[in-house]
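There are structures below to look over.
The same subunit A turns up in both complexes below, where it pairs with subunit B and then with subunit C.
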Partner chain A sequence: MNEKNENQKKKEFKISRRDFLKKGLMAGVGVALTGSGIVSAFDAFAQGGEKIKVLGPDGNVMSVDKSHLKEIGLKTEEEMQESGREGIDGKRFVMVIDLSKCRNARKCMSACQHAHQLKPEQHHINVLRMDRAGDTSPFFMPKPCQHCENPSCTKVCPVDATFKRKDGIVLIDNERCIGCRFCIAACPYSARIFNWADPKDKEKYEDVEYNIELNVPQKKGTVSKCVFSANRLREGKLPYCASACPNGVYWFGDANEDAVTNGTTKETVSFSNLLKNNAAYTLLPELGTKPSVYYLPEKDRLFPFEYKGQSDMEDNSHSV
Partner chain B sequence: MPEIKNKDTKKSLSTIVTDLTRPLKNHYGLTPWMFFLLSVMGVGIASYIYQLQNGLAVTSMRDYVSWGLYISSFIFFIATALVGMLISAVLGLIGIKWITPIARIAEMIALGFVMWAGLIIIFDMGRPDRILNIFLHGRLQSPIVWDLTVVTTYVAISMLLYLLPLIPDMPFLKRVMSDQPKWKQTIYKLLSFGFVGRPEQYKLIKKLTRILAILIIPVALAIHTVTSWLFAMTPRIGWDSTIFGPYYVTGAFVAGGAAVVIAMFAFSVDFRLKKYITEYHFDKMGKLLVLLMLVYLYFNINEFMVPGYKMKAGEDHHILTLFTGAYAKMFWWVQLGGLIIPIILLLFKRMRKPIPSLIIAIAIIIGAFFKRFIITIPTLMHPHLPIQNVPAEFHTYWPSGVEWAVTMMAVSGAILIITILAKLFPVMPIWEIAHEEGISNEEINEFIENGDINDEEKTS
Partner chain C sequence: MTYFNKIKIASLVFILLTIYSANTYAQWNVPSELKKAPAEASYELVKKGKVVYKNNCASCHGTPGQGDNLAAINATDLGSKAFQKNNSDELVFWKVGEGNGGMPSFKESISDEDKWNLSFYIKSFDDKFIISGEKIKAVEANLELTIDDKTKTLNAKITVNEEAKEDVEVQFYIKRTFGNMLIATATSDNNGIASYIMTKEYPGDKEGNFELLVKFKDTDSFGKKEINKTLKWGTELQFENITDKRETWGANDRVPLWILLSYLIVVLSVWSVILYVVVQLIRLKNVGK
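And now, the complex of A and B:
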């Protein structure tokens, strides 16, 4: 217990020290220095009353006192990059999508687009209309990035702009992306999109610092993708899509903890049992990408498949 | 069957020098030609600036078909550039004599196209301003970094392989071109690197050329193999193939061989070099093309017959699109018009004469370009999961005006490089032609000292 406390303090100290160094006041502070007195002393340096703009949880720009930001330890773009590239210690994030629940409400899509500054045709998550063989009923299938364990996309990136973190999330750094679109070509799930023109509301986001875990602001000429709402995970919240779903489609959690939480009902269950009891599968397993997104089969649906007034896939399989 | 013979008349050194340097002085028709090339490039530059300002949205590429004409042209250019290695290195090293008058032409094509291939990649980039990231944050694991490495190496070696055999021609040029502008003479002087025709200098040049010719073979194989890996390293239907490396290399030889035939015809007519690029050479190139196309056809059969027989779910849709669907016209042009029919035609001696050769080579090169197009686009159009909830334009692809303009700039740019080289330096190695005519080094030196050069009269 005591040791744990000590570690936590060290961590806090590390964050404060970075700020301290930046202010140019460093004067030979020993590496072994710990203790709450020193931490709070460093905190005092940051109390400038200075306001800076940040992105709120719903993607809106807000003004916050600088000292408040300190608590999370993310202040500059550089620091966001550093922690964003590293990931969250000890976690392995997974998503389970229950296809028997999806009724094409598309609240996931709109919440995602709102949070990530996306245009209507840009999808980090896309609800697809799927048809297996013709003799079973078609169904709706939300498709985010699969955050593969063996991703085809990060392998081919020439500049390490897209990468896999230790917590399993595949991120894209649109401050570094050169726009070669090799990752788009490589992704078998078509999970990636490109900013062919200026992003939505470009002016509004002009002064906002780039948050790699939110992947906002979007930038012209760079690739964008689902990030499992990495910024929300850091706060212990569920991803935007999971929280927005009214039908209980999404389970999200940590495979190391073996627990996933439903975005709608907030019920927490055993991840492995959920997979086992429901014959869960992954998409295109034959490609060996090992996705972190699992699907539960579209069984026992008590509602009809209906899209634009049609109950089959006849004409709408490739329409808008 | 009577063989088409190479030698008809013996040429004197003075005739050779006069014939090969005439195009360097007589610039009839050059101005409109350059004007044409530069205006095409001007339109391309304007289009590219427009693209820089408005983003890649001005192309027809969208989230699903995210690579288009630019990448197709890139592979096509790399393919065409590969011929320099085949003709001057492979055939040269195994001692084939008839390549002497066309080896330099092949090198020029290689240089022109490989340089612009590098540029096309930049045109395709969403953020060309961040190109330095490749050096700052380069990942050795990425095929793009491999490609960059081998393309630049190939440019360097090709350039040396072009310049080195040029050295012994410089004394001729210094003498013959004394009436030409000063800057040209400076170039000739610089590029002679102190060559005065001593036997050991000839020996050194031959030795170095040989070393470079050996070096360029693995590099050239690498450049096109790695280019094929840009596709084959992804788990996409139609690209996920293990034979893509050799498949691309053999395809490249076909495209490059056809380009050489076209260039041979252009130079033999426009530069009045029919005495040097004879029917014999067209005949030989025709036969070579048949061989290259047969190998390529074999790979095509493997690439399409094997999945076409199995019709695995997912692949079936891709195969049918090519065989009978939206890209069937291009596909069958490639297979029939670009391969099978040319193979059959070129089996006949009459079809290996200059004009039929030219027409067949044009058909082959159009097929080669289509081939690159249908390698790139149909695969992207058929991802594993359906394309939905996007505007209609995301479902189709045909290059936009900007893409055509920028691509035509690249084509013109490559031809411009070839034109400039052909107008500055002889398109054939004077010294090697002289050696082949049995003219000794002493005679050459004697000629350079006080040879008699009478223009025009002697040649006609």
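And now, the complex of A and C:
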């Protein structure tokens, strides 16, 4: 019994030691990658040698087994976590969805699913079929997370996994999430999804560092949601959905700058004028959630409503 | 050309058309009679058509001949030889109006006149397409910007070979995170000066700076000269950090102070009572010794 315990202890010690080495190594490689000019690593690569020289954390040159080398992004997971919680200074991101332009092309959905490692039935953004009343015309409505200024989801989280950033984006940390799904129940817009099963291409993403601004790799048993493509915004690019739309549905921008840019035409206009001139509204304003996603009404539509060859809501199946 | 040859060519074109359309599109049901263009194609109309193209088509079809079309949604490169060979200007006009599959119909959203100009522009990538008039030659115009901070006036002077150029449209943009926002278009007077007085206030950064961009509207005719300038004319950004607000149900570090205080008072008082009892018990024990 005692022996067994000791063995186990040894094992544990080994693992933690290996982890420690791995982290130290990664830091070393990180420094080496940034200051690659100093490193003679590539010589070793050329010779196909097993050992490789990298610049250590203290500026000393160290020899490392090649098989231990692992490519990491410019940022480590800790750095991504930190900047991801913080947000982008001085920004306040908003989206305007023009319902008169949407014709259910669903390019936004596929671009989003591709970026966030989602299966076809999982939606960070979904295009819904809507009808206001029986005698009105049905229309299509893309629905991402509303990124409320006063979100109800973040307040019910018992472990502070989901949170609001200063630039207006609501994110979730899948490493912290315990899968209680309180946030799913609290969200009045049904914007969140739960990873009931293993995510798509699980093996492919096994070694990928978790990026809090992308929700990738997805984790079974945790909640995932639209992140306004926070990683793209950091590079000054429009979100995946907005860039993929062929019909000019999405306007995205910074409310502090009072400017939004169309994802299709790349035209930039005044955010406040766009809202004022087009009778913009938000979803469920009576709840006081103050969404960052605005909708322009479905008037003067360019395309007639058509779904599975029908021009009405007869087909009530929820198939995607 | 003999009658036989004509049939040969016609059938070849027909076969090519069917193969091409079967591979790339859902079938276009082209009517046998197509509308004829009301006017001859000219370089002036082609130029107008280019604007229509940029606004409505470029997002999917890209720049014709550059291959930057969105192949993923089956948008064709309209400058490609295969497309030009099989599509006359009449057919392009018809297709733009009808739409097919992923391509929306522009019957109502683009006027017929613009649609003709558009099809002339698209066909201008075909060497065999006849365009009347003289080709518009680009001149390298020079652009100079003088700024009056007091009256918030921007004067752009346009010169061609050091001579003032009249009737040139200049656009003023403000640079934003995801693109340049057009704020005004001004036309140059007989002194070659296009001026714009900024009456509206635009938000700037924390110091009230924003970046101005000035360029020609018609870059084809006057060249791509641009001027970038940082101006301190914007309103200073008053950034309210929404995560700093204390609110009920907020996370630990953002809980309202009165809740935090009353909680601490309750906890401390309970513990001090417990501590008091324990101390008394110990003292009691010592007294009994």
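As a convention for this text, the second predicted complex is superposed on the first by the 242 of 320 C-alpha atoms of A that agree within 3 Å, B and C clash if a C-alpha of one lies under 4 Å from a C-alpha of the other, contacts with A are read in each partner's own complex, and residues count from 1 in each chain.
Here is the rule we go by: a residue touches a chain if its C-beta (ideal position, glycine included) is under 8 Å from a C-beta of that chain, and two chains touch if they have at least 3 such contacts.
Remember, it's a predicted structure, so these values are computed and weren't measured experimentally.
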Inset, instruction - Could you tell me if A:F303 is touching subunit B, subunit C, both of them or neither one (first, second, both, neither)? - result: second
Legend entry - Contacts of A:A197 with subunit B and subunit C, given as first, second, both or neither: first
Inset, instruction - Could you look at A:F252 and tell me whether it touches subunit B, subunit C, both or neither (first, second, both, neither)? - result: second
Legend entry - Partner chain(s) touched by A:S270 [first = subunit B, second = subunit C, both, neither]: second
Legend entry - Partner chain(s) touched by A:H114 [first = subunit B, second = subunit C, both, neither]: neither
Inset, instruction - Return first, second, both or neither, reflecting whether A:D160 touches subunit B, subunit C, both chains, or no partner chain. - result: both
Legend entry - Touching both subunit C and subunit B, counted on subunit A across the two superposed complexes: 155-157, 160
Legend entry - Complex contact set, residues of subunit B against subunit A: 54-57, 59, 61-64, 66-67, 121, 124-128, 130-131, 133-134, 136-139, 141-145, 148, 230-231, 233-236, 380, 383-392, 394-395
Inset, instruction - Give every residue of subunit A touching subunit C within the complex, in rising order. - result: 87, 89-91, 103, 105, 107, 149-150, 154-157, 160, 163-166, 168, 236-238, 246-248, 252-254, 256-261, 264-270, 302-303
Inset, instruction - Using the touch rule from the top, collect the residues of subunit C that touch subunit A in their complex. - result: 55, 59-60, 70, 73, 75, 102, 104-105, 108-109, 174, 176-182, 202-203, 205-206, 237, 239, 241-244, 247, 249-252
Legend entry - In the complex, subunit A residues that touch subunit B: 109, 121-123, 126-130, 143, 152, 155-161, 176-182, 184-186, 188-190, 192-198, 220-223, 283-284, 287, 289, 317-320
